[in-house]
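Just below sit the structures, each encoded as structure tokens.
Okay, so chain A shows up in both of these, paired with chain B first and chain C after.
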Partner chain A sequence: MTQARNIGIAVVAAVLLLVLSSKLDSYRQYQLAQVAAMVIAVAGLTVLIGVSGQISIGHGAFMFVGGYTTAMLLMHLNWNLALVIVASAVVAGVAGAIMGIAAARLRGPYLAGATLMLAVALPAVAYQWQSVFGGDQGLNFVVNAPGFLGQNFQLTEWQAWVCCICAVIVMLLLANVLHSRVGRNWRALRDNDTAASLAGLNVGVLRVRAFIVSAACAGVAGALLGMTMLNVTPGAFTLALSIQLLTAVVLGGLGSLAGAVWGGIILVLVPPFLTDFAASHGLSSASASVPVVGYGLVLIVVMLAFPTGIQGAIRRLLGPVEPAAAAQVSAMARRWPLLRKPAAKPATTDGTDDISSIGVDEGRN
Partner chain B sequence: MQEFVEFTLGGISDGVIYAAIGLSLVLIWRGTRVLNYAQGGMAMFTSYIALVIIDAGGSYWLGFVVALATGLVLGAVLERAVVRPTIGKPPLNAVIVTIGLLILIEGVAGIIFGSRNRSFPTPFSIVGAKIGTFDLGPGASPSAFFAAGAVLAAAVLLALLFRYTSVGLRMRASAFSGTVAQLMGVRVGRITTLGWALAGLIGALAGMLVTPQTFLYPNSMDSIFVLGFTAAVIGGLDSPVGAIVGGLILGVLLNYVTGYVGSNLPELAGLALLILVLMFRPSGLFASTATRQV
Partner chain C sequence: MNRSHRLGVVLTGAAAAMSLVVAACGGNSGSSSGALQASAPGVTTKTITIGSHQPLTGIAAPGYDEIAPASNAYFQYVNAHGGVFGRKIVYKYLNDQYNSSITTTVVRQLILQDHVFAIFNGLGTPTHLAVAGFINSEKVPDLFVASGCACWNNVSTYPETSGWQINYIREGKILGTYIASHFKGKKVAFFYQDDEFGLDGVKGLDYEIPASQIVAREPYNVAAANPAAEVGTLTAALKASKAQVVVAFAVPAFMALLRLSELSLSYSPTLVSSDVGSDPITLSGLLNSFAKKTGNFGAQLIQGIITDSYLPSLGSNDSWIQLFTKIHNTYIPKLPMDGNVLYGMSVAYTFVQALLKAGRNPTRQSLLAAVNAGLPQGVSVAPYAYSSTDHDGITGAYMAEVENGVLVPLGPVQVTDNTATGAVTTYSTTQPPAPTSGIP
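Entry: the complex of A and B
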């Protein structure tokens, strides 16, 4: 049921995005591709932080892995683009597994510290082995739109297509994972890991699994980002990128895939908007710093005034029902049938016969 | 042999800076269970204040004192204004707010002071001492001795404050249990602000000591902050001694790696050290307790 609905949403979203990308000029197509790539990375991170309850301040490192995997496969082996993107996800997932295993016992600030150091340390690899990774200049490669689209088909539109389709597929997969047993187990882990392990869940394995899924998403995002820019450099995957991802997760709405879309849009579109704003108000000399100030202010204000982010605010506006909470209750009911009766109560329509029917249906053994 | 001595001394003189940043993070962590990601940004800002005073004709020491005082005030103001409302909320809120502060401070510094690199004066020579023909390197310069002495003095003063004064006792009580301390009549809110103020001061000190080596620009403290954070995590965020030991270990290791292996590898070595320590001690080397509230 949910799956059918999700697939429906995904198909509609894909068609809309493809139509949209054909209407845009090439700069906007480039931005659309970047938004799609960022949405994937933010969605992966929101699953890790918001659903499995582990923090990462170093997800730019996994994007770095994905981006460089893509560049090297395209340069040296000339693989098919779809295969390259999958391979980038796999390599980044392996990196995530290693980090996840190392970090499985860590929590809170210790995990934050380890991932922070990862984000700082990994780009140094590109400087150390210059002959392989190209040092400061990075790696340049070529991507062509496939021939059947015609000679005049713009590369930026093709890039936007690839990124949007990948984003839709990844979001669909993530939505399904979150509705599955794995997603439920992650939420149990997040809410109380001691209780989760007492209930028979293998906490360590679940933590590592969340890291793998999340890192694979970041790998796809890094691959797509490299593919839109046609090069990868260590300067594109700095600590600043990792921190931006984290802030986008929170601004969008922690743990919400829809929030990840907001987060990705903010990351790509807001800084140029603020720069234009600064330039048009005669602040050009300091215009490089104005978006920085604006971004910092937005983060502080949003966190203090709307701690649930954009998606949380939208949910509050749209009605009193909180989908996340309701889903949590039904997930609990599925896992622990003993809880079904109290959990089912709010779901039933108000009517006198409901109370009696519950008693009849469930019985008292 | 000469190289080894040079790298070791250089490592110690870098390490005291990481230790100072780590110490400031530990002070805040113990009091509020918040990690202040803006600590490096605050230190950058206070260093700019000092530079403005020195450029305007003031002496280095006037700039030094004003920078430390600014750090003290900045820590207290930021705690009251933006960090206090996040206490009692999910820990991620405080993380995001302090990251927002960092971005804000760096942006404001870029607008006020510009983003070009500025050189920064030292009060003492940076030429290393020699024993006969044996060159000890810049790690043994008067400037490095001053840095080590200043951080050591700050650490000792803090230890004395914690151990022998009434304020220190109240700070320890608040860190141990805020509720119990409050029931005993401690104004925990004020103690928290004081902790942030002292951390701001120590951070400002670290900024003054390290900036001559890094130049001054809005992001100049970022990498120093990351290493200071790493030092605090290695030592265990609860332990001031741990932060200092962690800082020294990290500084010396990074200098060996830079000197003997390759200049691009210190960050990777830092990551390896961090992962290695945390694999065996998930709460750092000097963590006071292994228990965890559930």
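Entry: the complex of A and C
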């Protein structure tokens, strides 16, 4: 039933996005492609953090893996683009498995530290083997729109198509995983891993599995970002990107796939909007710092006004108080003290306990 | 009447008026008189909009963030004195933080959304390499890249792109010739940025300095997570090699870190620097800020650095320096009058030279043709190489030494080419003075 509904939503979303992309000018198409790519990365991370209850401050590293896999395959083997994207997901997934095996033994700040290390260390690989990875300049490659679309077909529109279709497919797959037994097990694990273990769940395997899924998503995102920009450089996958993904997850709404869409939109569209805003208000001398300040303000305001993120706020506006999202945050808050402060309010007011939320948020993600 | 309907009427009217104008003026495109036309994307009857990517924040920002405001100050000066055939230049420069992934996005914004006429003086080798292919595929003129990479002179791959400042191979050859003759038999080491910037420079140095003299090669990573630690390690290696002369192809921030590491290791070789990292005001300011010192701490540390320059010396009474100081005092008095400001104004002057040559109603093709036909020597001490087969800019420089915060020339202007065998020769033609109007 839910599956049929999800497929319906996906088809409608795909059609709407294709129509939208044909109406946009080429710069907007480029931005749409970037939003779609970021949505995939944020969705993968929100599954890891919000659903399986693990944290990663190094997801940019998996995007790095996906991006460079794409660049290498396109440059040297000239594979079909669809195959390249799948291969990027697989390679990033393998990297995620390796990280996940280490992660399965770590908790909280230790896990955060380990993933942080990944984000810092992995891009250095590009400098270490310059002849292969191109060092600071990275790798430049060419992507062409397929011939049957005609000579004058905009490359940016083709890129937007590919990214949007990938985003829809990934979201559909993730939604199904979350509604499956695996998703339920992840939530049980997130809310109380001792209880989950007592209930017969293999906690370690579940954790690694979450890392694989999440890293594969990041790999796809990295691949799409690369094929949108037509290059990959270490500078595109810095620690700052990993942190931005994390803030996008929290801003959008922890553990919510719809929230990932908001997160992706904010990541891509807010900085240039703020730059233009600053420039058009005669702040050109300060325009360099306006996006940074503005981004910080957005973060603070959203966290103060909507501790459950944008998607949580929308749910609250559209319907009765949603206990699931709040309980989810309160469970997270116990696990991650860093998140406790903004989450404290709803956690104390709704009064639901963790275990009940396993049942309650069924079908809401 | 609702808003969209009214907008429709206005647009239709505007389109009709435009087509009338185009029809009326169709016959005299390129002529030196007649009405001004919206002759190309980014060109209206009143303005010419150009764009750039610049590091306004981030590791490359100290010093380089003055370049675009200085170029803009020169454009404002031109605009206030009649503009280019009556059109005002609008210069839109976006911050890319010296990060090529951001460059990729902002340049697409400039070309696809803002429809700029040309990309002007995009700063940085790795950053601009990430977008050169895209700019060329969109057939947008890509003039005077703010980088001395020899890669901009590639007419078959990048027909729209051209360099401006002396390229790093030429610069390396001029520095290398000086080292080979003045530090004969001494141990020499290289400290350089690990990309085309440093590698091109080292290539030029290697052409001139005997291999037997070179005892160490230490590349740094400009994106290093901890630049101070990275430079510290490399400086220790330089000291261990017992090099008596260290040649640096480094951006100012890394140059300052190198100097501070030398100080803390009590290592004092003769320091030779490429023009990129040797602006005395930028460098002494950085040294003060990194070491949290004030006064002339930084200024003392850079005393005696040997470098080269392709623009008139700031300390001199040159007519160009007088012109640019006047513009600086009017439009950007808050910025220091340093090498970066001089650079920004000089490259802007060259761009106006090209624009004027591109005709009354310039097109992207006519701008490119203007550069391909060669530009007369103006603000630089040596002539330009521009031709339809050569997109290199300034071809020579003079050696100089930092003394009391200014560059003091050590010899005549020397010119050379990009090849291993091409000689470094003295250029004795006197540089033309600045036009009294300040406009080419």
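Annotations for the structure displayed:
One rule holds in what follows: the second predicted complex is superposed on the first by the 320 of 365 C-alpha atoms of A that agree within 3 Å, B and C clash if a C-alpha of one lies under 4 Å from a C-alpha of the other, contacts with A are read in each partner's own complex, and residues count from 1 in each chain.
Simple rule for what comes next: contacts are C-beta pairs under 8 Å (C-beta built on N, C-alpha and C of every residue); 3 or more make two chains touch, one makes a residue touch a chain.
For clarity, every value in this text was computed on a predicted model and none was experimentally measured.
In the three-chain model built by superposing on chain A, chain B clashes with chain C. Contact with chain C, but none with chain B, is seen for A:N140 once the two complexes are overlaid on the shared chain. A simple residue count on chain A separates chain B from chain C, and the partner touching more is B.
Of the two partner chains placed by superposition, only chain B is touched by A:L106; chain C is not.
Shared-chain residue A:V120: touches chain B and chain C both.
In the overlay built on the shared chain, the residue A:L83 is in contact with neither chain B nor chain C. When the two structures are aligned on the shared chain, A:S289 is found in touch with chain B and with chain C. Looking at the shared chain after the overlay, A:T194 reaches chain B, while chain C stays out of its contact range. Residue overlap on chain A between its contacts with chain B in one complex and with chain C in the other: 120, 127, 239, 288-289, 292.
Chain B makes touch with chain A in their complex at residues 29, 35, 82, 85-86, 89-93, 95-97, 99-111, 115, 218, 222-223, 226, 229-230, 232-233, 237, 262, 264-265, 267-268, 270-271, 274-275, 278-279, 282-284, 294.
On chain A, the positions that touch chain B within their shared complex are 49, 55, 102-103, 105-110, 112-114, 116-118, 120-122, 124-125, 127-128, 192, 194, 239, 243, 246-247, 250, 254, 286, 288-300, 303-304, 307.
Within the complex, the chain A residues that touch chain C are 25-28, 30, 34, 120, 123, 127, 130, 135-138, 140, 142, 156, 229-231, 233-239, 272, 275, 279, 285, 287-289, 292.
The part of chain C that touches chain A in the complex is made up of residues 56-57, 61, 65, 69, 92, 94-95, 99-102, 104-105, 108-109, 112-113, 125-126, 129-130, 133-134, 194-196, 221-223, 225.
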